[in-house]
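Quick one: structure below, then a few questions.
As written, the chain order gives the labels A, B, C and D, with residue 1 at the start of each chain.
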Amino acid sequence: MSFLHDYVYYIGAFGLVAIGLLIILVKRNLIKLIIGLSILDTGVNMFLISVGYIRRGTAPIFSRPGLEPDGMVDPVPQALVLTAIVIGVAILALALALAVRFYKTYGTLDLRKAKELRW
Amino acid sequence: MRILWFVLSPLMALAVGLFFLGLSRRFMARIQWRVGPPLYQPLIDILRQFTQKSVSHGPLFDLGVVLSLASSFIVVLFMPLGGTAPLSSSGGLLAVLYLMLLGPLGIALSGGEAANPNVSIGISRKLILAVGYEVPFLMIVLALMTYYGTISIGEIVAAQRESASAIASFPLVFSGIAYLLILPAMLGVRPFEVVGAAQEISSGPAAEYGGPYLALATIQHGLTMFIGISLFVNLLWGGASNPVVFFLKMLVVFAFGFWVNAAFPRLRVEQAVRYLWRWPTLIAFVGLILVATIGR
Amino acid sequence: MVSPVLLLAVPLGLALCVPLVGRVSRRAAGFVPVIASLFNLVVSIRLLPTVLEEPIVANLGGFPPPFGITLFAGPVGMLLSALIALAGLVVSLYALSYIKTGPTVRYHTLYMLLLVGATGVVLTGDVFNLFVFFEILCISSYALVAYVGDRAGIEASVKYLIQGALGSALLLIGIGLLYGLFGTLNMADIAARIDSVDSVPVFVAMALIVVGLGVEAAIFPLNAWLPDAHSSAPSSISAILSGIAIQVGLYAVVRMVFTVFGASSVLLFFVFLGLLTLLIGELCAFAQNNIKRMLAYSSIGQMGLIMFALAIATTGSVTGGLFQMVSHTLSKALLFLAVGYMVYRSGSLEISSLEGMGRRMPLTSFAFTIGVFSLVGLPPFIGFPSKLLIVRSALAEQGVLLQVLIGLVLLATVIEGAYFFRVIQTVYFKKEEGQEARQDAPPMALLSMFVFVAFIVVIGVYPNLITDVLESGASELLERANYIGSVLG
Amino acid sequence: MSLGLLLIVAFGGSLLTYLLGKVSARTRDAFAVLISLALVVMVASLYGKAFRVPFYGGFLGMPLVLRIDGLSWLFAIAASVLGCLSVVFSLGYMKGKERTSFYYSMLLLVIAAMLGVVLSGDLLSLFIFWEIMSWSTFLLISYNGGPALAAGMKYFVMSFVGSLAMLAGVLTLHGSFGTLEFTGVAAGMSSASPGYVLAILVLFGVAFGTKNAIWPFHAWLPPAHSEAPSPFSAVLSGILIKMGVYGFLLLMFVIVGLRTFLSLGVGRIEFHTVLSIIGAITILLPTFIAIFQNDAKRLLAWSTVAQAGYIILGISFGTSLSVAGGMFHFLNHAVFKALLFMVVGAVEYRTNGVRDLDSLGGLIKRMPVTFIVAVIGVCGLIGVPLTNGFVSKWLIYKTLILERSPFLAFAALFGTWGTILYSYKFLHNIFLGQLPQRYEDMERAPFTMLLPMTILSVVVVLFGVLPGIPLAVIDTIGVSFGFESLHVTPWGIASDTGALNTVNMLVAALVGLVVVWCVFRSGARSVSVGQADSYAAGAAVPRDKYQYSVRFYAPLRRMMAPYLKDFVDSFYMRLAGWVRGLGDGLRRIYTGYVGDYVMYILVFLAVLIFVQIAWSPW
């Protein structure tokens, strides 16, 4: 059980990634696909966080005396994730905006209907 | 001596050519149980035609005939007729091969200006027929030139005089046989007379000719016969040391080449080409291969 | 001393100014990218001699590497940044007349962000920073592809976005893995320690990163978005996407594989992948009737060729590959710009609709022809020396394999020549039905095209103008130790 | 006279011509003629010189050099003279056509590029000029639109394959020897292994062979020659394809060297014999295809392929006679084939573009001068004695016979008989026979057309009567290749095994003609009649109804047509179809459904990781 215990965040993260990929692979509805992308993003972010996470670690701020760097959570991934979240949001916003336009143009969200550009 | 031959050769060719024309008519007549015209009849015809008025279709119409006859005479100058050839070192057999085609070409150009469909048909047939017999003919000539290692007719004759004549020596016998097989086609006699088929296309290339034109064309025809036969005598039968022997040899070849005239009906041009490309070509080809592989 | 930071900071700042300027005058907004690109071009060219001697390493925020974000301005980076600035400048000039309708202010903002993203990717020395700039590049291009807002644009943009977002997610996983393995994001630092770790996770990280970046770099089979996006975007954007964006993607792949991973043993795989990409791109283009789609497939082919050359990994071939990048940027951007107005005038993307363009738009057609000649690699245009270098270096290698492969490359060039020359024939020699009046592209667009033409001809005749830069760029890419040394000191 | 200046004039002239065309058409025409004349003068002034000048420091580390010697002078003078005549001919031909500035400037560019090719002193500049020549030619071939597009495409693709093979060859040589200058490469080649030399020969041979249209690389030539504007066809057929001959000569005798070249081969099969056999095939097949062409220019085009066969046969056979014959035949072919293409051009010009042999006829009445030059050109083509073609062919035949290659000689000689057939058809169907009524009021060809044609026909006869003039030049080149000298006299060749003496023939011909003419004139005078007044066995020959030029060799055609398929061409066309089909099939992987694309990405990733984990190649 210690494996599960040690790697629960990774498992969770990759679980999310897998779910996201699965959705992107099998779903044809644009909105669902975007949801899949979003889940994938979340999974990736979670993965990043877990890379730097230490169980029962402290915030990487020397706010109180007696705090050692060894016990601190790595701050870099958190910074990365903040950025990644922002980027993810940007993509999400753009995707949703496009989805609206897509629906207006095609009258559907089914991506199989949008096969004019091919070959 | 050479200067003399410059005059003598054409005259001899003219005489012999006309003689052959007369002889052929006589020959045919006898086979068909007729008496036939006298041997000098072509000469009389020619002289008569020179006095007759005719029509001309333009300058080329005149020039073509003249060119044709003149070139035939030049070919004669390349031939050693039992002596030395006047133009012996001016290109040899290769030049002769080329000059031989100027005769028909001149007639063709001349007739072309006349705008007579029969002429066109005749010329077309002539050229096709020529392609037919040139295949074996070129093989024969090449076999000879390769065998003797020269392109000069005089040297081929001289080489034969040293050993046996070509037709009697091993690989070249094939060439000799092939030559005899195509001789009627080269002379343009009966089975191969599609070119000037009188009953069908009004004598073909000569359809528009009358008067002096016809005379010149007739002479040219005689010369063609002369050249075809004298080539055989020179290249394959060792030539001759004097004109008389040469003439006798020519007579024999003429007779050989002519007997088919009476025996066969006219072939269509495709049939003729097919014939020429079958047996004569095959035999000539065998000769050529033997020459190329065995050599001398 | 000019810092390479300015190459990012100034355009980024100006990009954010565009909406402000746009409030004052919509027309003036169009000039902001011109100014910014001009600035970048000048700075890049001024920095070039310096970086040829020694790469400039700039640390943002004053943290020394590997702690802070590093900008690494070596010959390759400077060359590409100059190239981006040049293409950006010319295309923004073109856009002044070409982009008239729609939300033009937003166009210019996004366009500038795209350039900033591209410049950032080529200058950064930090893996995550690479990701960020990469995303800036990608997001702005997603949006720009859909700029016109027609069916094709929306469809292409959606597809591009889905694939691109997937790619960047994979890229981010790869970066996370790297960080997990090495605890650092600095490229040089990772590169220095790459051998200290078990190879399987490193390989997985590399695979993720290559695939993630490869989507943008148009490596087969990750390039399905490209024909759609490049053919549906406004032509000025197609020019930038084909001329800059995918090359930047390829640069990123190469930088990761060469410098960070030092993966010399997988290079043969990339040679084959490049060849495959080349052949598939050219074959698909051969069967196209849509002019912009044809150009897009041709871009795929060119990317394959560049990858092929780079992956051979000799000084000569990498020089050739970089040269081909330059040549492809100039030629393909020129082609898209020329085609942009031709298509605009004819109202159709079909190749057959270009009949008689030689008479209707003589100058544009001329520029198009030069671009084609250059791309196919005919002298005296820039494509010739670049292809020459690639073939020469490939032939200089021992072994029959490369010689066979170069035969295939040449074969692909023949196919390329065939479909391009068909277009030339259509433009000039097909007899068109109705005679239409002469109506060339507007002067600004012509000016921008002829800037490219001038570069194509001049470098084509005097390739030695840039070979020094290219060669030191090649040695920068090939010699990791120098890179690591110059960053970490 | 510096070579750099020559090229600057040539290339600059081309550009200026285009710009001048925007100002005034007349100035442009005058300028184009002037430039082309200047080139002739400049090249002529280089006669007998031999030197080299570097003109470009280092193109990617490879210096570019120009040089001139006898070989390049011969080709340069042919190119510039033909170019000049073609420009003059164009003055009339192109009048009123569209995009003339483009035409003239491209024509001059082609000429300039050809000069560049022959003046190059190293392989890279040779290649560069070669490519410029190729694309400018492509533009000119495509100029007419319609069927010319396919022709241009075919030309471009084939020529591009060739030049890429050449590029590979050039760069291989550079990799091996580090220099591309002819002398340096030649020095390196002398110690190279035979297999290497053979590979280089094959690579270059593809390029030169394609340009020279030897079988099986000839497929581009018939459509290209027939669809290009006629003055350009003259250049194309006359000199441009001869750049391949130049290349072969350069490669075989300058770079590889005579002795190495003759000893090269795989086992008992000698390379030069193989090339000779290809030459023989190139003579025979196209000759007989030409016989059945109905388009005048296509007929001439096939004839060009066949004549190229003679040239290749001559130069690859590798005796001093044959190489001299090959080079001389190149020169002769340049003259008479350009002449014949111009004849067709003149006819086309007056009949508004008709060159269908079935619908012309009788034009001798309307264009007598054109007819005369056509006859001279045809005589040269056949090789009638006293025209130039005779001498060159004679040289080739003779050496083939003396070197005991009767089969090659047979191919060459028999090809000549085929030549007679199509030449006569060409003459007959255009100029002889009935004049259709629609051409009754046709004018003669304009002076600007007659002038170049007349000059060329004079050259045909001049070289035929005094072959010693060009043969002296050719002999020097041959000697520089390492052949023994021919004994050239002004009127032919003196040799033991059958000499050539054109003066004898000339005298005999003149005397014969005069004598026969006198005899002929001594007969009764003839009445001149119209051509319709002809004998038809009592029936009238109707005008415009009965024209035996259609299907001229129908009986022969019935016999030979099944064997005369150009299967090489159909193979190429099928190949092109396959490639297109392949592309069409391949692009279907881009299905348009984004789910598939996502799958490609993930599958690619999975395969990468799987391969690594399974086999760990890294």
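FYI, contacts are C-beta pairs under 8 Å (C-beta built on N, C-alpha and C of every residue); 3 or more make two chains touch, one makes a residue touch a chain.
Given the structure is predicted, the values throughout are model-derived calculations rather than measurements.
Where touching is counted per the definition, the chains common to subunit A and subunit C are D. The chain pair with more C-beta contacts between its two chains, of B-D and C-D, is B-D.
Among the remaining chains, the Cα-based centre furthest from that of subunit B is the centre of A. Once the centre of each chain is set as its mean CA position, subunit A and subunit B turn out to be 99 Å apart.
Once the centre of each chain is set as its mean CA position, subunit B and subunit D turn out to be 36 Å apart. Rounded to a whole number, the gap between the C-alpha centres of subunit B and subunit C is 78 angstrom. Mean C-alpha position of subunit C lies 43 Å from that of subunit D. Annotation for subunit C: residues touching 2 or more other chains are 158-159, 162, 166, 227, 284, 287.
The set of subunit B residues touching two or more other chains is empty.
The set of subunit D residues that touch two or more partner chains comprises 587, 590, 594, 598. Annotation, chain-chain contacts: A-C, A-D, B-D, C-D (touch as defined at the top). Per the touch definition, subunit C reaches subunit A in the complex via residues 128, 132, 135, 139, 142-143, 146, 149, 151-152, 154-159, 161-162, 165-166, 168-169, 172-173, 175-176, 179-180, 183, 185, 227-228, 231-232, 284, 287.
Contact residues on subunit D toward subunit C in their complex (touch as defined above): 57-60, 127-128, 131-132, 134-135, 138-139, 142-146, 148-149, 152-153, 156-157, 160-161, 164-165, 167-168, 171-172, 174-175, 579-580, 582-584, 586-587, 589-590, 594, 596-598, 600-601, 603-605, 608-609, 612-613, 616-618.
Those residues of subunit B that touch subunit D in the shared complex are 49-58, 60, 62, 65-67, 69-71, 73-74, 77, 86-87, 89-95, 97-99, 101-102, 105, 108-109, 112-118, 120-121, 123-125, 127-128, 130-131, 134-135, 138-139, 142-143, 145-146, 149-152, 155, 202, 207-208, 211-213, 215-216, 268-270, 273-274, 288, 291-292, 295. Against subunit C, the residues of subunit A that register as touching in their complex are 17, 20-21, 24, 30, 33, 37, 40-41, 44, 47-48, 51-52, 74, 76-77, 80, 83-84, 87, 90-91, 94-95, 98-99, 101-102, 105-106, 111, 114, 116-119. Those residues of subunit D whose C-beta lies close enough to touch subunit B in the complex are 362, 364-365, 371, 375, 382-385, 390, 394, 397-398, 401-402, 404, 406-407, 409-410, 413-414, 416-418, 420-421, 424, 427-428, 431-435, 492, 497-502, 504-505, 508-509, 512-513, 515-517, 519-520, 522-529, 531-537, 541, 546-549, 552-556, 558-559.
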